[in-house]
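Shared between the two complexes below is chain A, which has chain B as its partner in the first and chain C in the second.
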Partner chain A sequence: MSSYVITIGTVIVIYAIAACGLNVIIGYAGQVSLGHAAFVGIGAYTAALLSTKVGSSFWISLPIVLAISAIFGLLLGLPSLRVREDFLAITTIGINFIVEAIFNYVPFFGGALGIGGIPPIALFGAKLKGFAFFYLCIFFLLIVLAACWWFTRSWAGLACFALREEESAASSMGISPVRFKLLAFVVGTCMAGLSGALNAHYITFISATDFSFPFSILLLCMVVIGGMGTLWGPVLGALILGALPEIFRPIVDYRILFYTVMLLLMIRFQPGGLLGENMMVRRVLAKILPGVR
Partner chain B sequence: MELFFEQLLNGIAMGSIYALLTLGLALVYGILRILHVAHASVYTVGAYMGLFLYKLTGSLLICVIGSMASCALLGVAIERFAYYPLLKYPPYVPLIGSIAVMLSIEELCRLIAGPDVLTFPAELPFPAIRLGGINISSALMAIYCITAVILVLLWYITSHTELGLAMRATSQDIAIADAMGINSHFIISITFVIGSAIAAIAGILVGIYFNQVYPTMGYVPAYKTLALIVVGGLGSVPGAVIASLLLGFAETLLIGLVEIPLPRDALAFIAMIGVLMWRSEGLLGSR
Partner chain C sequence: MNQPLLEVTDLSKYFGGLKALDHVNFKVMPGEILGLIGPNGAGKTVCFNLISGVYKPTFGQILFEGQSTEGSAPHEIANNGVGRTFQIVKPFASLSVLENVLVAQGISKYNAFSKMWSAWKSKSEVSKGLKILERVGLADLAHRKAGLLPLGNLRRLEIARALLVGHKLLLLDESFSGLRHEEISRLEDLIRSIREDGITVLLIEHNMRVAMGLCDQLVVLDHGQKIAEGSPEEIQQSEKVIEAYLGRKETKDAA
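And now, the complex of A and B:
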């Protein structure tokens, strides 16, 4: 396979990790976050600062990145206790704009120039490139998916589902909204942080505009198109939205229009996504092959 | 001191423009409980249509009326296609739909009119006046007068006409309004017509005031006006107007006179998060 395909594949896998994190927050816990790019940015900036200013390797900075992402997830998840649904959505939009502004204006974060010269990840003394880095990302994606799978099967996951469906009923059954909403935020932002750190070490250069609001929308598109609340939905969404612009290279100018029209049609006619409840694939199959469920 | 007054005048102008945009959003939220992000794309289309018609005919009147009409149509189309069928879902579904509409229209504008900043070289037929050493340009006068007229008209329509009564009834409870013989879907469409036509005027005014029309001109206002209706108290039109004027002041005065390390556009969001955390009913809202 050519290095071109590997590059696209790596980027898709990095997107998929962030989309899985968003899916935990939106799909599992039902908390609409439209500022997920900010958390990817926090992870990326933490990793970049640790490697360029402190000189630590990826493997040492990874736990720090996860811890800092978790702390910010906890802090910025606090609004979800106060406001709900569409208000939470605009609060997170606001958080995204403010975080981007801080990255852009505070000299410590490199200002408008961003941070460059981030070293690639080394494993046993060898620098990971191409295939090796791709496998590393796949490895992390599998861990993230395992965590998601475990989350849906665990007590915490069930509690989150209950809160998503009907918060007052769930809390009257003794499920603490505070604990499980914040848990979902922490898990989701940790995945975003991981994605950001991988991104920073892969591209080796980051700037504030990489983590602006449109990136949040892209991640949201992936989750919505794939299917909110499903295990494989975000991965499918990342694959579709990551691969399609490459397949349709000649119409690259129409890419964003294509994304947004697809998102609009999806939310208008199939709000559950491709793999969500009452999914289109199953309905079409049921029409062609009656009796198959 | 003169500088201060000039900044103040600019602040009122910015606030007025925010108010014209936020009005539509507050009306729509009041009636449908939907955060109409795509409103800012209607405003962008308004500016482009105005510019196109102005270049075509050279008449400012045709430009304004044509732009208002096309924006009203666009607003109703958005409501019919993207919002009304989605009302049965949780509120974030129409919100995501609205963001998708907004970005699609923005992209269409870019593809049709090109990514460049276009100029809007129109002269507004308003007198420039001079008050004790301070110049008020004709563009500023136009913004003040038009905003004042629109606000008074809107206040009259909502509080003194049968249409306004029907609009208020629909915003309180769609089902009960239907039962009372009000065609609520028609009233909802009328609300979009009014809001979108005002957005078209705002688009043309901004285009002439800054002499700039570009595809992403609605990007920051789209989310800033959301913050403004939250600060003003959701669905409260007077609250939205006051919040807009305050933000206009704050942005021009604070940034112009005091050195703040944050960008101007972050101010609205910080105010919004503060309001949501401590006084979630907003400035003039009621629980």
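And now, the complex of A and C:
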């Protein structure tokens, strides 16, 4: 396989990790967040600063990245306790712009020049490149998916589903909205932080614009197209939206038009996402093979 | 002396200038079925929302088992063993009927960090959930999506959920409204059997036949104030209650 394909594949897997995190917040707990890119950015900048200024390796900075992502997830999840739905969406957009501006204007974060020269990840003394890095990302994606699966089968996950469906009924059944919304935010932002750290060490250069609002929308589209609240939906969404720009490179001028049409078709025919309930894939399969449910 | 399970003193809730509930007092004794009745807008649901912690009282006190519930959030009051249903049903629409019940069954898990990570779809939990569904007559619909059920079944689902939470006190907000005749008598039997289990029931009801037949005591509210209290027979004779429902007789030839 050419290194071009591996590069695209690696980026898709990194996207998928962040999208899985957003799925925990939106799909499981029902809290609309349009600022997820900010948390990917917080993870990326933490990893970049630790490796370039302190000189720590990826493996040592990983727990710190996760801890800092969790703390910011907790802090920036607080608005979700006060505002709901549309207002929460707007608040999280605001958070995205503020975080991006801080990265852009505070000299400590490298300003508009960003942070360069981030060393690649080393494992047993060997620097991971190409396929090796791709497999490392797959490894982390599998851990993230296992965590998501574990979450949905736990009482904590069920509590989040209940909050998503009907908050007042959930709280009348002993579910603290504060505790479980913040829990979903923390789990989701940890995954975003991991994605950011991998991204920083892979590209070896980051700047504030990498984590701007359009990236949040891209992540949201991945979750929606794949299927909110499903396990594999965000991965499928990342695969589709990560691969399409490459496939449609020849008609680059019409790319946005194509995306728009695709999103509208999704809303019309598959509002639950490709892997959501009543999915088209299953309907088609059921017609061809009557045994499939 | 028997201590009341729930005691409400001077309970008041003002929304700006509107006195939704004004200096209301009543007691609910353990094991009793107390009915809260009154015309539309009398403040019955507001009273429920105050007891279950959704609203904070403007002033006044609610004592549950002798303890003030002041400042308790709805989930904390649920943890005390108070279950409630909603006048406008609130199912977890995209979850199955069984999953709806399991959410309520998990009440003991949500407060302990170690317990909240265990699996909720275990065999013992599912069979416990099915048992409750059987009791309310929804067992054959266990795997149906809750959002697709008709109103009568949703009301029973709400009672099933509330039963799992409210092992001491059950607040039923118009659980009979919109039900067919045969559904009503089945639900009456269910509520009587709940009382036999030692659970105290406080219910809001518009259907007078049901309220009179089911309740030991009635409290009548009108425009946020308590206008009468007593056994169903006493309430039926009360001038004030008849006036609140039907209006005052002006003069003999007014009609």
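In this text, the second predicted complex is superposed on the first by the 278 of 293 C-alpha atoms of A that agree within 3 Å, B and C clash if a C-alpha of one lies under 4 Å from a C-alpha of the other, contacts with A are read in each partner's own complex, and residues count from 1 in each chain.
By our rule, a residue touches a chain if its C-beta (ideal position, glycine included) is under 8 Å from a C-beta of that chain, and two chains touch if they have at least 3 such contacts.
Small disclaimer: the values here were computed from a predicted structure and weren't measured.
Touch counts on chain A: comparing chain C and chain B, the chain ahead is B. Once the two complexes are overlaid on the shared chain, A:Arg268 sits against chain B while remaining clear of chain C.
In the superposed model, A:Thr46 lies in contact with neither chain B nor chain C. In the superposition on chain A, contact of A:Thr91 is made with chain B only, not with chain C. Residue contacts after overlaying the shared chain place A:Ser171 against chain C, while chain B stays out of touching range.
Once the two complexes are overlaid on the shared chain, A:Ala159 sits against chain C while remaining clear of chain B.
After overlaying the two complexes on the shared chain, residue contacts for A:Ser195 are found with neither chain B nor chain C. When both complexes are overlaid on chain A, the residue A:Ser80 reaches neither chain B nor chain C. Comparing the two complexes, no residue of chain A contacts chain B in one case and chain C in the other.
Of all residues in chain A, only 32, 34, 79, 82-83, 85-87, 89-91, 93-95, 97-98, 101-102, 104-106, 213-214, 217, 220, 224, 253-254, 256-257, 259-261, 263-264, 267-268, 271 touch chain B in the complex they form.
Only residues 150, 153-159, 161-162, 165-166, 168-177, 179-180, 277 of chain A touch chain C when the two sit together in their complex. Within the complex formed with chain A, the chain B residues making contact are 35, 81-82, 85-86, 89-93, 95-97, 99-101, 103-104, 107-108, 111, 223, 226-227, 230, 261-263, 265-266, 269-270, 272-273, 276-277, 280.
Taken in their complex, chain C has these residues touching chain A: 52, 54, 73-75, 78-79, 83-84, 86, 90-95, 99, 102-104, 106-111, 115-121, 161-162, 164-165.
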